[in-house]
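Both of the next two complexes hold chain A, though its partner changes from chain B to chain C.
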Partner chain A sequence: MTAVMIVFGILTLASACGVVCSRQPVHSALSLVATLFLVAVHFALLGAHFVAAVQVLVYAGAIMVLVVFVIMLLGLDANVPEGVAGWGSSFGALLTGVAAVVFGYVAISGRSFFALKEGAEFWAVDGTTAGIGANLYSNHIFAFEVTSLLILAGIVGAVFLGIEKKRPLKAGRGLKSMQAAQKEEALR
Partner chain B sequence: MAAEILIVVLKAAIVLGALLHLAALTIWVERKGSALIQDRIGANRAAIFGFDLAGIFNTLVADPVKALFKEDWVPKGTSQFLHSMGPFLAAFPVLVSFAVVPFGPPIISGGKEIPLQLATLDVGILYMFAMGSLAVYGVVLAGWVSNNKFSLFGSLRASAQMISYEITMGISIVGLIAIYGSLALDEIVLQQGKVFRVLGLPIPAWGIFLNPIAFLVFFTSMMAETKRAPFDLPESESEIVAGYFTEYSGMKFLVYWLGEFAEVVVASTLVTLLFFGGWQLPYFDIRSIPTNLWGYLPGFLGFLETWNFQWAPLVGAMIFGAKVSFFCVLQVIIRWTLPRFRYDQLMNLCWKIMLPVSMLNLVATVALLLGGFFSLE
Partner chain C sequence: MDVISGYLFLSAMLFTIGALGVLIRKNTIVMFMCVELMLNAANLSLVVLSNAWGTNDGHVYVFFVMAVAAAEASVGLAIIITLFRNFYSIRSGDAYLLQG
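== the complex of A and B ==
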């Protein structure tokens, strides 16, 4: 079991590196798919089959397809302009380095910076479908409902943005009216 | 321990072998069946000693050998590696999704039950959906890596279509899962051995009787997921050459093709498992077949008096295979009967008709369930 975990851990890290290291956006996206899939493997190894299946179904199967779809639709390729690495990238690299040192220290020494409170203990969460369902709809029902409201707001917003306007807008607003104005100009 | 490993290896061989053989035979049914439907002769060129076995030698021996020896052509200016990954990514998720299919009642050996299912997951149906949702990458990658506008159009169409129909496919069966109360496929099949009563009449608790609207939506969505006519927009020959696999030749093309037919088999399997009782027969529990048939047999078979054999797993697997084969053939017939949709019709069907219908169906099903209409006994 441990050997399987180590092998898949290395694979996960390798594909995660592939996300940031490859110049082709499509390669990055495919590496991210692989990473998300391999994280699901870790969930499955921990016995949380439901979470593993949902991880693949939602992240690797649905969200990443949209990402790949958009990358392909926009025709992005490897022509990344030189000199994009500004202060933001340096700051990110610094943060990542600090995180790597901290995680490495914890992993090697086996100690945590954040000691557990007196009397606190870890407990195994029931990873089965029934266990997650019971937990989600009793202890976390408020968070669950609020999240669904948030998603609903997102859907309404997307529909509002995507809806086709029946009446033409005032000149200068919206792509269609702009095109119409250009057409008129060309006719003149 | 060794025996357990042997059992798992055997089961894996049976499951993978059955899937690939069914897919190959579906290819033959497609080639010869389409010829019958269109009043042609169909594949009849290859024969061994004058026997062509109704085209089996042609479609299942000569064509793959030809594909193996063809030149493997990769378009210029793309990654050879990703080009080769395409067919693999398209076929792999389909093949592994068969691992959770229960294809018969358990064999009882030495007091232990050996389930006829490679992996008894408690989220079997979600696992199959998850693997199905990964199948889109093979198609998307093929279109992008081919360096060809037709391929790109094909894969863009495919990804939009597959994502849209995944939604209706998922929503349509939520009601059924609520009735059966489980995501495990073996449990769902067991539940379908029960009956429910309408006006006092016992009706088998198959999904098709519990929820016929869900069956229509689900079957249509599965047909769209397999990207075959009338939903074959991603590869429509008359518009975009061959769609996403335009630039694939030889064995790579054949792997795409085999993956597509394996998807047909998986679709038939899901329909059988969820709506047609899996290996169960209506009103008759095949597990009650006695292991010793002595007493049911005519007199001259008296030497079988001491012969015991567990008929239930064998009969169950055969019933399951027959049901799956029926839906494979049905899909071939539908593919050669209906014309192709236009793209806006395809999207309207999914988002404006099937999605509202499946949602209303879900609400109605749950209301009936809470009202005690679907009390399985």
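== the complex of A and C ==
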């Protein structure tokens, strides 16, 4: 464990806490971008060069653009309170605390349990694009093809959900009726 | 603490922070981002364990997880927009009716 890894690990955890604790969704999104870049740094430190590059391209490049775009599109008012934390949130926090202890214990003691070694082969794994490609297109070719089907299903689902329904919503609900009510209010 | 234990611990803590966010936040966009955080934690442990076994199979799995995350982002954000269109709110507690 080098000093670089420890410093970047602490930074990663801090920015991850920023995702959860920020009041405004945009601040959460920026913290998440920082976290994704820091995880990419960890991938690069571990020798997973291809994964690090794809992490920056796909996560920080594509997915976060979508998230920020949706935040912009919805124009969320940050002043709207999220509501008082009820007993459900307290129970969730308690549950997560227990999970943190269990996961941390398993992570620290699990290495000897599974007899994992950190020898020369740990750093000799071929994480370059050539190595990943050779493995992906020989041993995992069926999963790769199924992935294209998954992406297609995702596209079709997103388009289907994005179609504006012609059917009117029930009175008093939905964006249109809300806007109509606001217009009536303004006219009065 | 060696590299494997350290990174497994980091991955566990990242996953826990993401789970905490999903459980205590009510903003669906923030909940979505916390799910991404949990996926990243799983990716990190996949890479570390793959290195520990001396193969790059785990790196390939991370590639698949990222493909799933991309599909999830497209559908999930479309669901959030539909939610906002129908309820004029993206708080998870505001959508409590199953009827259309």
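Methods note: the second predicted complex is superposed on the first by the 120 of 188 C-alpha atoms of A that agree within 3 Å, B and C clash if a C-alpha of one lies under 4 Å from a C-alpha of the other, contacts with A are read in each partner's own complex, and residues count from 1 in each chain.
Here is the rule we use: a contact is a pair of C-beta atoms (placed from the backbone, for glycine too) under 8 Å apart; a residue touches a chain by one contact, two chains touch by 3 or more.
Given the structure is predicted, the values throughout are model-derived calculations rather than measurements.
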| item | value |
| --- | --- |
| First (chain B), second (chain C), both or neither touched by A:Leu149 | neither |
| Touched partner set for A:Phe37, first chain B, second chain C, both or neither | first |
| Chain B versus chain C as contact partner of A:Ile141, first or second or both or neither | neither |
| Chain B versus chain C as contact partner of A:Val54, first or second or both or neither | both |
| Contacts of A:Ala100 with chain B and chain C, given as first, second, both or neither | second |
| Which superposed partner A:Val19 touches (first chain B, second chain C, both, neither) | second |
| Which partner, chain B or chain C, touches more chain A residues | C |
| Contacts of A:Val4 with chain B and chain C, given as first, second, both or neither | neither |
| Chain B versus chain C as contact partner of A:Leu73, first or second or both or neither | both |
| Chain C-contacting residues of chain A that also contact chain B | 50, 54, 62, 66, 73 |
| Residues on chain A engaged by chain C in the complex (per definition of touch) | 1, 5-6, 9, 12-13, 16-17, 19-20, 22, 25, 28-29, 32, 35-36, 39, 42-43, 46-48, 50-51, 54-55, 58-59, 62-63, 66-67, 70-71, 73-74, 76, 82-83, 85, 89, 92-93, 95-96, 99-100, 103-104, 106-108, 110-111, 116-118, 121-127, 131-132, 135-136, 139-140, 143, 147, 150-151, 153-155, 157-158, 161-162, 164, 169, 173-175, 178 |
| Chain A-touching residues of chain C, taken from the complex the two chains share | 1-21, 23-27, 29-30, 32-34, 36-37, 40, 43-44, 47-57, 59-60, 62-64, 66-75, 77-82, 84-88, 90-91, 93 |
| Chain B residues within the chain A interface of the complex | 82, 121-123, 126-127, 129-134, 136-137, 140-141, 143-144, 152, 155-156, 159-160, 162-163, 166, 183 |
| Chain A - residues contacting chain B, complex | 26, 30, 33, 37, 40, 49-50, 53-54, 56-57, 60-62, 65-66, 68-69, 72-73, 128-129 |
